[in-house]
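Please find the structures below.
What follows is chain A paired twice: with chain B in the first complex and chain C in the second.
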Partner chain A sequence: MGNKIYRYSLAGLSTLGICMALYVCLSSALLVALIVIALAIVILSVGERKNVIDKVYRLIGDNKALNLGIIALFILLLPFLVQGNNYLLHIAIMAGIFSIVALGLNFQIGGIGQINFAPAAFYGMGAYTSAFLSVKMGLSPWLGTLCGLLMAIVLGVVVGFPALKARGYYLSLVTIALQIIFTLMIVNSPWIGGPNGIPGIPSYQIGGFSFRTPVALGGIQLPYQVNFLYLVYILLALFALAANRLYNSRVGLAWNAIEQDPIVAACQGINLTNTQLLAFCLGAAYAGIAGAIYGHYTSFIGVENFDFSQSLIFICMVILGGTDNVPGVVLGAVLLTMIDEKLRDFSGYRLLMYGIVLIIILIIRPKGLLPKRIRVYQQKDRSEYSSHSAVVTGGSR
Partner chain B sequence: MMGVLRTERVSIDFGGLRAVDNLDFQIGDEIVGLIGPNGSGKTTFLNIISGIYKPTRGRVYFNGEDITSLPPHMIRAKGIARTFQTNRLCLNLSILDNMLLGLYCQQQTTWWQAIFMSSSSSREIKLGIEKSLAILAHFNPALITRAYEPVMTIPLIDRRRIEIARAVVGDPRLVLLDEPTAGLNSEETNQMINDIAKIRRRSSQISIIIIEHDMTVISRITERVVCLNAGQKIAEGTFSEVARNELVRTAYLGG
Partner chain C sequence: MELIISQILNAVMLACTYTLVGIGFSLFFGAMDIVVFCLGDVAIAGAFAIMALSTVMGVYASLSGILPAPISGIIVVFIGACFTAGLVTLMYRAVIVPFEGKNINASLLSTIAAGIVIRELIGLFYPEGRNPHAFPQLLPAGLIGDNVLLSWRNIIIIAITFIMVMLLYWFVNRTKTGLSIQAISQNKEAAIMVGINWHRIIVITFLIGGFLLGIGGFLTASYFNSLRFDMGAMYGLKGFCVAVVGGLGSIYGAIVGGLLIAFVEVFVTAFIPGGTAYSSVAAFLIVVLFILFKPEGILGEKTVEKV
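Entry: the complex of A and B
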């Protein structure tokens, strides 16, 4: 009994620690953030060698409700913690939006092992569809967002269906072409603003309350960003939950089987075309809805938000966080968003610095911050089975 | 004897090479051995049955139904499972996950249900785990305690067992085994013979085609033997009949 309470509080404390570390990264200068990340990497690496990480995973998994509660509380209180610093809230919102895109991209990179080089095109498809419909057609932003999601899926089918017949380099080339065509099309289409983008995108409304109005809560005035913060993180929670359920279902397993050996997968009864297309379409849906929200949040979208370099950043988020590991992917997206924002001071050297940070982290942790793990189905019965080597040790193709 | 699988004058050409030539073959409720020198088309023939290759000519019938043009996943769904000559498990996945893949064709959960009806999804997985562990125990109880380890860490004989277990866990009607004892020593080969015999003991409703070079394996577990040479069937019958056949002797000595 005492042991249980001990484990309970330990689990709560570790989650709290992770939240605090993220908060420090968010609110302090670049150097401090980098030191925190470096410390985290040291802890992760040492912990892995001593098999502590496995226990932490179990500790957190066994007390899911408590830990989710702490994280929810952390997000809920974030506007008060930052004390009116709207820029920090903006970073947090972008981290949430990018996390959704990265989770979708992970279905392809982590799931079926195919690198899609055009996540920003799907993201942009959602953004442009919703922005165009609500600005030019006067459609409600909510409906626009839904249409953005659907159009991203349509793009996923149109590109994915022929491209997925062949895998590997061919698929990568097709997606690179898609990304380039997408940016060119936008620049050359005056009816969606061309190189000038679409300004004045309306915000979401609920019964006359616009998401772009500040809220007063118990005498405290909170900036309008809190509306989007809560919206984005509720969605992120739902999308992460869905991603996690897929991962633990026969669908996620089928994706991994295709990644390892498509012929063997087919001989187990897996329909290669449909199953891979599903990974593509779900990824597109995640990116599409995130893009639509981005447009309605910032009220302006331009082609530079959806170009090839943005796609590369999404790919880096997945790989740096840890492919096929839902918390890892979110962590990767959140950290890279924060680092990217903090590097704004370096203006000219920004991309260079970004690259250096990425390379250093990936040299130390080539499989990402939280690497792919062996699936664990029944947390409780698991103690019967040997638990060493829960981390996949070999390289995958 | 009801025919389970039947091929009619199946041929396949790779460029100028005819790897399988006009092959008539059939199997009922039995274990049939497929022998022949290297390169005689045995593996290619299994690839045709399981849908990986489409034959240039000829038809394949399974339970009376023409399956010649079906893709591999539909052929698996009809009830034909297989192993590969070079052990092909998913090395990064755990033993248990590999076994669950063998049950994929029996499970129903769609992506939609996985997300929105996760309790029925996990119930299905739970049943699958029970079934997988039961079959693993049948082959080697020691594997159960290692069920959550990646296959990479497992020795070859156990990998072979897992691959066979993965093929039979989904209750197929026909199992194709491609050289299950290749690379095993004689002690391990004996164990493998027992393991294969166990499949039939579990259910006589499983027919087996086994490709094998080791004639002791063939003589001990098969009820009938078909010998291929250069893609053609040169002999058929019980092991002792085939072993006495003059064509077979020259094929092996000359080939």
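Entry: the complex of A and C
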């Protein structure tokens, strides 16, 4: 009994530690943030060498409700922790939005093992559709977001279709080409603003309450970002949950089978066409909704937010965090967004930083900060199979 | 009529600039089964080196004092091309060797990232690197006779490409090293077994490809008469498109593909109203269609995926 309470509190403490580390990264200066990240990486690699990490994973996995509660509480209290500082809240919102896109991109990179260089096109498709419909047509932003989602899925089919025929380098060329075509089409289409973008995008409203009005919560005047913070993180929680369920479902397994070998996967009865298109469409749906929210949040979108370098940043996030690992992808997106914002003063070095970070991760930690974990399946009857645990865990032990 | 002839000449020149970088892609893919995505940036880095030699460092000016202008121009271009060859070999050591034999996605990403690093380094550290520069005129200006179409610059661009392709043809088919490159691209294990020093041949391939890229960068900069630090991204992408359309791994395919892509671009620009903005879109669409329906390219060999 005592042992159980001990494990319970330990799990809570480790989650709390992760939240606090993220908070320190968010609120402090660049140098402190980098030191915290470096410390975290050291702890991570030492833990891996001593096999502590597995225990921590199990600890957190066993007490899911507690840990999710702590994270939810952390997000809920974040506006008060930063004392309504709207810049820090803005970073947190962007981290949430990018996490959603990265989760969607992970279906392609982590799932079916094909690098899609056009996530920013999906993201931009959602943003532009929703913004265009609500600015020019006067549609409600909520409906606009839905349309953005649908249009992004259409684009997902367009990008995913070549993936059925081409793999590897050829697919990368196709996706890069489609990303560049997307950017060029936007620049050359004056009816959606061309190079000037779309200004004055209306915000979401619920029954007359605009999301762009500041709120007073608990006697503290909080900036309007709070509304979007909660909206984005509720969606992120839903999407992360969905992504996790997908990973553990037959669909996730089928994706990984295709990643290993498409021909063998087809022989095992996996429908290559549907399964691969699903990876692209779902990814596009994630990115599309994130893009639509971004447009309604910032009230201005321009083509520079959706170009090829933005795609590369999304890819960086997935690779840094750890492919095919939902917490890893979110962590990668959150960390890179925060570092990126801290480096605002050195904006000339941004892309250089992304390039170098990508090369270094690929060389030092090709599986990312939180590597993909070996799938473990629950045993139906422990007593009967316990001696064959190696078979059940896929031969990892 | 005159318009069409001038457009054809224009397309051939554009094809020349694309062909050289396309050959680079094909050469490396043939030798190593790898696509090096930073080649466009490497080529533009070579062009920047040539520009630095002839303006900032003043090598061209001091050489011109001793030697006749064409010869000093050739020397400067040669040094720049050698620099590019060194840079490509450095790229090979830095971002390709660590990923040999691993998932191709790793080398794909690392070479793209390397391209960004090169581009940004030029932008940051070349004097006023982020502004467009006028490329120094190393090629003679002026017209041949009184025909408006034929200028020395155009003829020389086409002639240099022709000479380079001929030299490469001679090297690959007539020398022992060139035959070794072919052997490696056909079957690596068998080539090693008959005593070919694989590592040495790969480095030589990269040096030769890098030299061609340097020339290609120089020709591109001369063709556009200007140089920007981020030209390399599009240039490299077009080069890869050219290689894919012609058939990845085939050197002659790069020539055919270069002509096709260049003609499409030039004719869309010239004959479709408002087409300037869409020339790249048309070129990319053609590549996408090729990948979907004829992925082996025009001259490439059809391969069947085996289990």
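One rule holds for everything that comes next: the second predicted complex is superposed on the first by the 363 of 397 C-alpha atoms of A that agree within 3 Å, B and C clash if a C-alpha of one lies under 4 Å from a C-alpha of the other, contacts with A are read in each partner's own complex, and residues count from 1 in each chain.
Everything that follows uses one rule, which is that a contact is a pair of C-beta atoms (placed from the backbone, for glycine too) under 8 Å apart; a residue touches a chain by one contact, two chains touch by 3 or more.
Nothing here was measured: the structure is a model prediction, and the numbers come from that model.
K.L.:
Is A:377 touching anything from chain B or chain C once the two structures are fitted on A? First, second, both or neither.
P.N.:
The answer is first: A:377 touches chain B but not chain C.
K.L.:
Using the touch definition from the top, say if A:312 reaches chain B (first), chain C (second), both or neither.
P.N.:
second
K.L.:
Regarding the shared-chain residue A:351, is it in contact with chain B (first), chain C (second), both, or neither?
P.N.:
second
K.L.:
Have a look at where A:18 lands relative to chain B and chain C in the superposition and call it first, second, both or neither.
P.N.:
Neither partner.
K.L.:
Looking at the overlay, does A:254 come into contact with chain B only (first), chain C only (second), both, or neither?
P.N.:
Once the two structures are laid over each other on A, A:254 reaches chain B alone.
K.L.:
Scan A:115 for contacts with chain B and chain C and give back first, second, both or neither.
P.N.:
second
K.L.:
Once the structures are superposed on A, label A:75 by its partner contacts, choosing first (chain B), second (chain C), both or neither.
P.N.:
neither
K.L.:
Check whether A:264 is in contact with chain B, with chain C, with both or with neither, and answer first, second, both or neither.
P.N.:
both
K.L.:
What is the shared patch of chain A, the residues that chain B and chain C both contact?
P.N.:
In the superposed arrangement, which is not itself an observed complex, chain A uses residues 261, 263-264 for both chain B and chain C.
K.L.:
Per the contact definition, I'd like the list of chain B residues that touch chain A in the complex.
P.N.:
50-52, 71-73, 76-77, 81-82, 84, 88-94, 96-97, 100-102, 104-105, 107, 109-111, 114-115, 118, 121-122, 124-126, 129, 145-150, 152-153, 166, 170
K.L.:
Contact residues on chain C for chain A in the complex?
P.N.:
Interface residues on the chain C side: 35, 94-95, 98-99, 102-106, 108-110, 112-117, 119-121, 123-124, 233, 237, 240-241, 244, 248, 277-278, 280-281, 284-285, 287-288, 291-292, 295, 305, 307.
K.L.:
Of all residues in chain A, which touch chain C in the complex?
P.N.:
109, 113, 115, 161-162, 165-166, 168-170, 172-174, 176-178, 180-181, 184-185, 187-188, 261, 263-264, 308-309, 312, 315, 319, 348-349, 351-352, 354-356, 358-359, 362-363, 366
K.L.:
For the complex, give me every residue of chain A touching chain B.
P.N.:
These residues of chain A touch chain B: 242, 245-246, 248-254, 256-257, 260-261, 263-272, 278, 282, 372, 374-378, 382, 384-390, 392-394, 396.
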